[in-house]
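Each of the next two complexes has chain A plus one other chain: chain B in the first, chain C in the second.
Now for the complex of A and B:
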């Protein structure tokens, strides 16, 4: 048997990163803009005001262009679990496959059916049926997000399953456990933050119309909807962001430590508001100060992570050395986890041999060992403690920039809501503010991508938290094959992105009155 | 609730049905491969693109759901075939990626590459996508070169359970003539169905006349390739499974025996074939007959479903390995657990509701046949 090349794992990760990040350029706008256009059509339905219909159709055209490329970049993600992560697909496919199938049955067909009526049915179905179709299209997209986020949350917090040594995989034993609080919070945080992207897009584009002093009535209407919608979304995102951080601290302490650059744990730990990491720090245990500079809020990390201002928050060193108290007892060190993981893996090997030899007594003994140690099965594949630490700088800076941007979004939506709903003020008169809104469009995308970097880089090396690291999840193909498809995807997706941006700009330039 | 064996059979039926529906909906791909050849001017091309463009998402969604359902119900197939026959699946995926943007982008100003580029993308999707999907499905009968060893997971340096046994990673399937036969059969079937769809949907005399001619031109090679594949398969050795031990062995006329031993599948198959022929012949013989797509479409669903049932039912390996017979996948050794199949079965109760709203939506949008004036008056037309 050939040995797997380390570069294969890295290239497979790179390809998944590339395709997921490209896909995620388009999904948040779909989720956010879909709601904005549905709100506008609802107003049109209730008021009969043709201006609202015109506004709805304008944003719908942009939605359509964005949706198409979202579909194009999405198909590869589902199949990539098989093509590039085949071991993963078997090891947890019994649980992970179900949300993907449900997504297809319940969400994709809803989207595909009603989007057709939404685009082509203006003169073919009643106003009411059309409005329902517009809402069902975005409902379908949101249900799709729900199931894929349930699947993702399960990878980060695997529950509701048992390992079966006969089939060598994890098997579902509790369907409802999979839709865990972790998953629910992740869903709302992701979807509501996507609404921000949609709202910022509408706000920024509408501001451009005001800067250019054209289609003023349409732009002001759109700003009203976007500002109020964006304010609600950004406040809800902040609340669920807190929920996400709480879940991470409970289930993924290493990720939390990476997000905060926390090496040495403490009671009453401070929350770093702003910090610069020390590039001289080369190893987790070299005693070099991890920060060059930082501003923090005392005890806030303990409060947010454990709902107790004096709670102990473990740092990277603590997690590797173990010995601190957790809700499940005393934390194990990396060495202890590796030992347990190795015992479980060896027991699995022995179990298979005992089964082949029809030695049921020995098989039962080995099975008991597997069960006792399975929680740390994945550690058997990690060579050293360093392999269990994610990229600190990337996780830390991504997290902090994301939070800063989140605060900025609350501010900008708050200001625009105040101005656009208060008759004393006229957004047209605040040119600088309109420019801020316009230039903020990319920031929504950046924040959304940063959120995924925190979630996915922060959980490395795990494909399934604690059970399967990425180096044991990959398919046995050549590195060159993955390199070729990586560059094919890069070229194709970049070319399509350029086309999408070109079309979007042209459509915006044409404006809502272009027939 | 249900026995494990029943659930495994039920889910193989769902997969087969999705495969049948996908084969029918590939008429969109067939139509895309005819955009240039069937039309004489831009108006006609635009008309063809737009009536196909109202349907492409159903095919795309069915393909994605086919993949998702396969993953959920038979994950070992997912990990073995997708991770092994890497190049075939990647080629299929690339064909569909370029399709997904091509309708929406082609007529929009600022699309960078021009209308023709996107139409060529549609052609590639229609031409290569159908042949590759057909060839990939043919390997269910002809076999692939892989090994499955679940004990590999205990290896530190190469813990991969499913391994491909050659460096071609799926491209070797193109060396098998029988795979080509089914690939080409699917290609010409999709074009035949597309021609029937055009006859049914278009309000354009010239295009309808040419579509009727295209039915004949495509149906003949379709029948030649399809019958060659079916006869060859029924007369060749098949991958049988001993129910007591799960041991896989070669059995002469296995698929023929499957057909005889499963009379319901035989009836489905025959009714399906008659439906396809009825749709084709009726359209060719009678000018007022425009419903050929519904006969041929339903026939396609039944025929392909029954072919896939032949591959998986009656103690047969549906994804056989020619590199190691005992690594072959059956509906028993590759399925999800009983719990998961039960949970998924409950979800599958929703399928009739999904079909019902698709039917309702389709009807409400297709009250009359489409002509170029309809397209020109639609501000979202492609």
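Now for the complex of A and C:
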């Protein structure tokens, strides 16, 4: 396998991207709409107002549609680990297995148990028990998300393990280390941004009812909840977005450099608010200006990334050349990392030969070399510094559009919160604003997907940061088999998406008074 | 006896729930078809676990991955 078929890597990547992005159409709405319906049922429980019960049941129906169409779409990703990414799935060992096992056992059964009470239990169980079940259903879904995100966070920042050269697996040595600050921030950022998707959905659909002058009371109630909830979610997401940028600057500086299109590092680096990249820039080390145009906030990137307005933020060139000061000492250059990675890989080969020959002394020496250089193991597979750079344009634009949308969400939720809670204003009278809300529904999904593009494209070339690049992670299977399943998924998912949209629209048109 | 009553109530709870579903019936049909396609068709025919299918034990799997990692 010296010559790796690049098309196999790209098709495997494309298939995972397709299925992951598809899965991520359903999850955010489940997480966000689940909270909205729980809030509404709580209001019903406290007030006894049957209109709130009606509203809850309406949104719960849409939650059910989304949940049913989306269920098990995540399982497809696990299928791919075993088929397309066997080197990766073996290499990560029980690091991945433990979080996914906990997710399956605890979270799934919790969801499955309480969701049935949520849907079947109206007028059969007590109001209190039903309310608790509604909250526990969404808690189960959120716990699911937690463990998946812990696993993904480990890919970005691998900790808590030791590599075993006998089994060729990373073995967990510290379970709690895996629940790192990186993982915790990622969890909150992902969940709170999903709340935005749910809030936008409720806001937009409710606005449609007002535009049509239907179910006005229900729509205004729903707008109040969605606007306030969405505003809180947007602000919290901004806070954790800051946390994400900080974590990325500490652990994935190349990703941060890509997010900002930063090639030459600076003290007091500016944060690019808006920019257009220069397509003439073909190489990281040419002297072409990376930007055609940009607007930046001086020193803001240093502040965000290092909590110091004068801190040095390394650019792509610095990360490749090394030599700058980091919290862990002087940064290694790409060449130095590649040398260490190559030593580790050669030592892994030599270790096996020594073990086969029962040469315990040589085996111990090679094992020591593996351990000493393992942090840069993955660099052995990168032929050139260019291979260590993710797609700048995709990472940069995804990041900046995501942030712009985040700012927009704070604005729109702020405006709707103001007018819906202020008796001087009536949302029904602002038809243009209602249309903005309606047309903003897809923007929540766009922002959510852009966030994942930043996380996963910005992580390239790594499947596991620093340890295993994507091109070493794939299985030795035929490209054709991956192409076939890619198009099978595309067909299946397109059909399911059409079904979801059709059923959703029908239920929305039926309205809250339809039983 | 309390336990049979509870089980009977549980059975009635789910029986009533499923028989009185409206949009739920369509959703359940979609879920069942989807799960069949995923687990019976896709998993069985298109997504074998590469290492479990091609290697008999963990030692052989480790040897394969080792070979992949040191020769790529």
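The rule is short, and it goes like this: the second predicted complex is superposed on the first by the 509 of 515 C-alpha atoms of A that agree within 3 Å, B and C clash if a C-alpha of one lies under 4 Å from a C-alpha of the other, contacts with A are read in each partner's own complex, and residues count from 1 in each chain.
As a convention for this text, contacts are C-beta pairs under 8 Å (C-beta built on N, C-alpha and C of every residue); 3 or more make two chains touch, one makes a residue touch a chain.
These numbers were taken from a predicted model, which means no experiment stands behind them.
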| item | value |
| --- | --- |
| Chain A as common anchor, with chain B and chain C clashing or fitting | clash |
| Which of chain B and chain C A:478 touches, first, second, both or neither | first |
| Partner chain in contact with A:79 - chain B first, chain C second, else both or neither | both |
| Most chain A residues touched (candidates chain B, chain C) | B |
| First, second, both or neither for A:94, with chain B first and chain C second | first |
| Which superposed partner A:496 touches (first chain B, second chain C, both, neither) | both |
| First (chain B), second (chain C), both or neither touched by A:57 | first |
| Contacts of A:352 with chain B and chain C, given as first, second, both or neither | both |
| Against chain C, colliding segment of chain B, chosen among 20-28, 56-64, 74-82 or 272-280 | 74-82 |
| Intersection of chain A interface sets (partners chain B, chain C) | 1-2, 4, 61, 64-65, 68-69, 71-72, 75-76, 79, 82-84, 86-87, 89-91, 116, 119-121, 124, 167-169, 345-346, 348-349, 352, 381, 472, 475-477, 481, 485, 488, 492, 496, 499, 503, 507 |
| Complex interface listing, chain B residues touching chain A | 54, 57-58, 60-61, 63-65, 67-69, 71-73, 75-76, 78-84, 86-87, 89-90, 93-94, 96-101, 103-105, 108-113, 150-164, 167, 169, 336-337, 339-340, 343-344, 347-348, 350-351, 354, 357-358, 361, 364-365, 367, 377-380 |
| Interface residues, chain A side, partner chain C - complex | 1-2, 4, 61, 64-65, 68-69, 71-72, 75-76, 79-80, 82-84, 86-87, 89-91, 116, 119-121, 124, 166-169, 345-346, 348-349, 352, 381, 471-472, 475-477, 481, 484-485, 488, 492, 496, 499, 503, 507 |
| Contacting residues of chain A [partner chain B, same complex] | 1-4, 57, 61, 64-65, 67-69, 71-73, 75-76, 78-79, 81-91, 93-98, 100-106, 108-117, 119-125, 129, 133, 164, 167-169, 171-173, 175, 345-346, 348-349, 352, 380-381, 472, 474-478, 481, 485, 488, 492, 495-496, 498-500, 502-507, 510, 515 |
| Residue numbers on chain C that touch chain A, as the complex places them | 13-14, 16-18, 23-24, 26-28, 30-31, 34-35, 37-38, 42-43, 46-52, 58, 61-62, 65-66, 68-72 |
